[in-house]
Amino acid sequence: MSLMVFMAVIGFAVARLRNLFGVVMLTGIFSLTSAVLYVVLDAVDVAFTEAAVGAGIATVLMLGTLALTTSEEKTVSDNKPLLALLLVTITGAVLIYGTLDMPYYGDPTAPIHHHVAPRYLMDSAYETGLPNVVTSVLASYRGYDTLGEVFVIFTAAAGVLLIIGRPQRGRRRARRDAQWDIEHGIRKNVILRVVSKLLLPMILLFALYVQWHGDFGPGGGFQAGVIFASGFILYALIFDVDLARAVVAPRVSRFFLALGVLLYGGVGVVGALLGGNYLDYSVLARVPTDGQHLGILLVELGVGLTVAAAMITIFFTFASQER
Amino acid sequence: MTAAQIPALQVVVALLAAPVCLILRRPRVAWLIALVATWASLVMALILLFSVLKVGPISYLLGDWEAPWGIEYRIDMVSAFLLVIVTTIGSLVIPYAQASVEAEVPAARVYLFYCMYLLNLAGLLGIVITGDVFNLFVFLEISSLSSYVLISLGKDRRALIAAYRYLVMGTIGATFYVIGVGLTYMMTGSLNMVDLATLMPAVIDTRTIHVALAFLTVGLSLKLALFPLHVWLPNAYTYAPSAVSAFIAATGTKVAVYALLRIVFTVFGEVDVLSFPGVQEVLLTLAAAAMIGASATAIYQENVKRVLAYSSLAQIGYMVVGIGMESATGLAGSIVHLFNHALMKGGLFMVLGCVFLRLGSVEIADMHGLAKRMPLTMAAFVAGGLSLIGVPLSVGFISKWYLVQGALEKGWWAAVAVILASSILAIVYIWRIVEVAYFRPRPEGAPAVSEAPASLLVPTWMMIGACYYFGIDATRTLDVAVGAAETLLGGLR
Amino acid sequence: MEFPGLINYWIVVVLMMTGFYIVIAHNNLVKKIVGLNIFQVSMFTFYITMAKVKGGTAPILAEGIAQYSNPLPHVLILTAIVVGVATTALGLALVVRIRDAYGTVEDDEIEAQENDR
Amino acid sequence: MTPENAVLLCIVVPFASALLVVVAGALPDLRETMTLISAGILFYLVAGIYPVVAAGGNPTVTPIEMLPGLGVTFTVEPLGMLFAGIASFLWFVTSIYSIGYMRGHHEQNQTRFYAYFAIAIGSAVGVAFSGNLLTLFIFYETLTLSTFPLVAHHGSEEAKRAGRVYLGLLLGTSIAFLLFAIIWTWVIAESLDFVAGGLLAGKIHGPMVGVLLALYAFGIGKAALMPFHRWLPAAMVAPTPVSALLHAVAVVKAGVFAVVKVVVYVFGVDSLAREASAGWLLYVAAFTIVVASVIALRSDNLKQRLAYSTVSQLSYVVIAVAILAPISVIGATLHIAAHAFAKITLFFAAGSILVASHKTLVSELDGIGRRMPWTMGAFFIGALSMVGLPPTAGFVSKWYILQGAFQADQMAAVAVIVLSTLLNAGYFLPIVYAAFFREERRSKPARKRSKTGVNDGAHPPLIEHGEAPPTVVASVVLTAAATVVFFLYPDIALGLARQVAGVSP
């Protein structure tokens, strides 16, 4: 509740503030706050993802964009806001009107808690053998949504490549000089260099943990992938993008990008080949639950790969723009 | 893997072909993959259509989780027909694309182009085939994101702005849609369309559901560019690469219209949504505004692609009018028009692709006397244009016939007047171009242009030819369309 | 979070509308994207809020816990979050290109440039 | 060959010949032989169908079903038989004529000309044989579209403007009104077939009848009812053979033909006679007759004058059916034929004058009868028929129309017809008089300004000139003779007309 109010405050601040760096930072905080809110609301997985994706990646990307464009917003032309305000007020009013017949907040008798959800909570343990209901719903019951979602991120990555991807590397030096002023500040700093060197392995390790532990606790492919990527991003920020690129060549990231989705889709195809429907994991092993378990592990891996690769690709593509 | 798996493969083939393109990175190979995937999808779509005609709606449970717990694919006459439309257009555009894309997209990125195209195709198919409102959103996003990218590939820098505006509008639309889904889910606890339809009557009188309906409609109307939510469309169509214009113009809005049909007639099928006070009136007014306003605007455009874009807006007006009639005839009119308009617009945009390839522009001012230089291309334009006007023997005539008939059955004289008036306007904006191309002399010093290559002309003419084939023998398409209309009106029964 | 009733939803609505307003009212292309972000995040919050059950805990099955919150919205939102960031990435990429092409990221200035030609 | 196949062939032959013409485009002689041959074949085929129809048979064939329960159907009934007969016969004559004309006049794009000409004839025959309104509409539109390139043949600014008017009016009215009316009919009657006694008989009453009739009457723009007549004078920019065959016979007759069809077979004469709301048609027609005649009287350009006389003559047919008496329907049918022969004669004459002397204005024709006796003789006969004097076709049809008018005591109609007869006399006979009895004004430069796009003045004015090329003269004389023969032996046409009106001889 109080958190929500806090978010609202931030929201207004964002609307008012003209300095875009500030805006972006606030947005990051906004996401983080919402993440905390999600924890309060029992949505640990979502919180995890929002913190990593919303607060992490999105913010980094926006900062990158600002570095490439401008950090100050011009003043808005005056007639437009009124009209917009009117539109927004109407929409909001309609929504409020809509809420009037809603079941109250947290009401256990609300329809959503009784039509579909119970089965997930009751039977998923026997049907998929996983304690983390979110994961089993995500990867199995509604696995197809997740497939689609992985493809969305895949699309985004490929799209970014297509829009601002620059195959040739000749202009890197020039860029280095151009960005020197904003970069050498960090680069010089010994503490950062050392600490990050120490952090890096842990981050990657943690990523793997999240990846494999997703079935039991909060976590899974998305979170893992993002964290994994963030490791490289950190490295690239502290040291040089070129070095980072040397570690993960664009080709490689591109390859994993595709590999992940293929793995996910492939598992589905195998399921179909083995006589089940598409994305039916039960047929993957003799015991259905084992099959489910195996399938979920594989698809989560696929998700992890693609998400990580996608994030890395997107970030590097942004980073290797010249100003 | 048996025929039982076709519903899944319908989408998955195109979906998985995309990453393969990304790995192989060779333009020709990517093109080949896209070709094969698209044609395979066409075959599957036809199989599905015929089996639906034979045995009625098909239900396919993904992951073998029965609905509403798992995600269900539900293919009835309407979706099957839409699948056929989308894949047909794709199958004709892809052979065309090769030359056109090589001319308009930097060689290093061509393979990514086909990757995007495949994703777009898969997204559209996914929207059409799914029976789950949230899954629809996911695939909506796949197709939208890819189309933003495709549009941004246009040579003109305005393509970027067009893509960006489309992205913003599209995302707002999608978010509205998701909010609507959330509200319905809140009241019913289900996401499966069929399931929702059964649960709906119980809660239909709640204000929440009304708002939900409003948000779903507005969200989708943004996607299908219903007046006045159309502002993104003209630029997007105008500055996108030719092949993209042809494909998206022919399929994108159609699929959005389909989604609207689904929501109105399936999800809310058990309750007569259009009889809510105001709903019908609003729909019809907007449609009329689109038909007249857009056609009139089209007359004053100097860029032919833009002319066609505005005429698309008008055509969308036709479809919405048909939906608004809520009668078998009117609905059949809309559905068959989905198909017919896809054919003619696809064909016309392909023609412009030919022109652009040779002329490097599609400004009317540059097309003086073009007919002498590119007789076949311009002949195709005339043929397509006549179909757009709706002269007999063309598909345009068929759709018009059904829409007018539907309006007359309802006794809506105004609607009849609007439909006919709009086609009169079509005469004007088409003939303007024809006259310039045929009766103006080629200006001195104008670049010497030659006829477009066969690789472009053949697909174009196949598309235009289809306009007349299905215009002369419309019984097949109409049987399907009428059947589809009845399925929709019948709700689930 | 003890307040009963619908207040939470109302705040969520306010949040959404803030984002929506930023999108349509602002000229700066980056800021529009930010607005979209906020709009979407608020929408997520709406879903998560509806999933909460009083006295429930996170939907990770364990002994001795009877009441869980509804996992389905969580799943949906996991998906939606990723979609959101994908959109953001694309949008920003476009903004970068637009900057290259026009030298500005202010909508009205671009408008002006186009009308000149 | 069964009549059904003959019917189909009648449609196919012209379109096929269009193809052949394009193929043979490079070799003018071959090309024109093609045209002649296919014209001959067509006439032969049509003639072959006549006995069947005369015996009361209606060969019917439905090649394709276009919409569910609604096919493209061809049925030959008396009226269509007559129209097709005229069209095919005159196509043959016109082909002979146009060979002489086009060559003598050094027209460009002759291949295109012959090709579209053939298509137009095919469409006209399609209209004639159409078995339901859908088919009628289809060929009506193809006729419009195929004649557009002929009208805009010269591609000059003027030709373009004319083409715009032509297409805009014909296509516009047909889509806005005719299509509307047809679909409305379909909704009411769930059929579009032409039924003896009227498809809509007893299905629709009251003011709606008047509205629907209006949609038809004005939707069929080719009938040139005012105010939708502008396209016809505009179309005069086309080469003379086009004006002659298409805008004296094929196109315009397709228009009035359609009107007659609609009144007789869709509404039904008797049931329409019972509806007060249908009475207005007669007055519109009357108005058109008078006004058009007056304009004709005042226009100096010969083709222009002929065009307006066509407008008024077409309304004769309309007024005849609007009288709604069986006898007058016979008159209408006969007038379609009679006017065809007479008017084509006049146009041929005008054309041959143009070819021989490059004169386009009435005021230039003094004394030309001495140089071109055959042509002007034929012109005289045509004029007589226009006025409606024996021994010409015009007399026969006018006789029946007036008879019908008296029978239905429509005195207004009688008055109009008498008045217009005087006007006709007033604007045709002076030409003849001047041509034969006035002295030729010497050394008078051909005027540049002319209402038609025919490139007069392109050649210097020839003072010394004789008759037009033989093929031209031959065809003029032929049609003139036909006009007289029609008066002497009207039996065939009369028989068919009686069938149409449902009156036993």
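When the chains are written out, they are named A, B, C and D in that same order, and each has its own residue count from 1.
Keep in mind that, in the parts below, a residue touches a chain if its C-beta (ideal position, glycine included) is under 8 Å from a C-beta of that chain, and two chains touch if they have at least 3 such contacts.
Being a predicted model, the structure only gives us computed values, none of them experimental.
**Student:** I need the common contact partners of chain C and chain D, sorted by label.
**Tutor:** Where chain C and chain D share a partner, that partner set is B.
**Student:** Could you tell me which two chains share the largest number of C-beta contact pairs?
**Tutor:** Per chain pair, the contact count peaks at A-C.
**Student:** Among all chains, which one's averaged Cα position is nearest the averaged Cα position of every protein chain shown?
**Tutor:** B
**Student:** Provide the C-alpha centroid distance between chain B and chain D, rounded to the nearest whole angstrom.
**Tutor:** Here chain B and chain D have centroids separated by 45 Å.
**Student:** Between chain A and chain C, what distance separates the C-alpha centroids? Give it in angstrom.
**Tutor:** 13
**Student:** Report the inter-chain centroid distance for chain B and chain C in whole angstrom, where each centroid is the mean of the CA atoms.
**Tutor:** Spacing between the chain centres: roughly 28 Å.
**Student:** So, what's the distance in Å between the C-alpha centres of chain D and chain A?
**Tutor:** Those two chain centres are 75 Å apart.
**Student:** Could you say which residues in chain B touch two or more other chains, in rising order?
**Tutor:** In chain B, the residues touching two or more other chains are 134, 138, 141, 145, 148-149, 152, 179, 185-186, 191.
**Student:** Of all residues in chain D, which are in touch with two or more distinct other chains?
**Tutor:** There are none in chain D.
**Student:** Multi-chain contacts only, two chains or more: what residues does chain A have there?
**Tutor:** Chain A, residues with two or more chain partners: 95, 99-100, 102, 110, 112-113, 116-117, 120, 142, 145, 148-149, 152, 155-156, 159, 163.
**Student:** Mind giving me all the chain pairs that touch?
**Tutor:** A-B, A-C, B-C, B-D
**Student:** Quick one: which bits of chain D touch chain B in the complex? Just the residue numbers, please.
**Tutor:** 64-68, 134, 137-138, 141-142, 145, 152, 155, 160, 164, 167-168, 171-172, 175-176, 179-180, 183-184, 186-187
**Student:** Contact residues on chain B for chain D in the complex?
**Tutor:** 386, 389-393, 398, 400-401, 404-405, 408-409, 416, 420-421, 423-424, 427, 431, 435, 439, 472-475, 478-479, 482
**Student:** Okay, in this complex, where on chain A does chain C touch?
**Tutor:** 1, 4-5, 7-8, 11-12, 14-15, 20, 23-24, 27, 30-31, 34, 37-38, 40-46, 49-50, 53-54, 57-58, 61-62, 64-66, 68-70, 73-74, 76-77, 80-81, 84-85, 87-89, 91-92, 95-96, 99-100, 102, 104-108, 110, 112-113, 116-117, 120-121, 124-125, 131-134, 137-138, 142, 145-146, 148-150, 152-153, 155-157, 159-160, 163-164, 216-218, 222, 307, 314, 317-318, 321
**Student:** Can you tell me which positions in chain A touch chain B when the two form their complex?
**Tutor:** By the definition above, chain A touches chain B via 94-95, 97-103, 110-117, 119-120, 140-145, 147-149, 151-152, 154-156, 158-159, 161-163, 165, 167, 254-255, 257-259, 261-262, 265-266, 268-269, 271-273, 276-282.
**Student:** If we count contacts the way the header does, which residues on chain B are in touch with chain C in the complex?
**Tutor:** Chain B reaches chain C through residues 134, 138, 141, 145, 148-149, 152, 157-158, 160-161, 163-164, 167-168, 171-172, 174-175, 178-179, 182, 185-186, 191.
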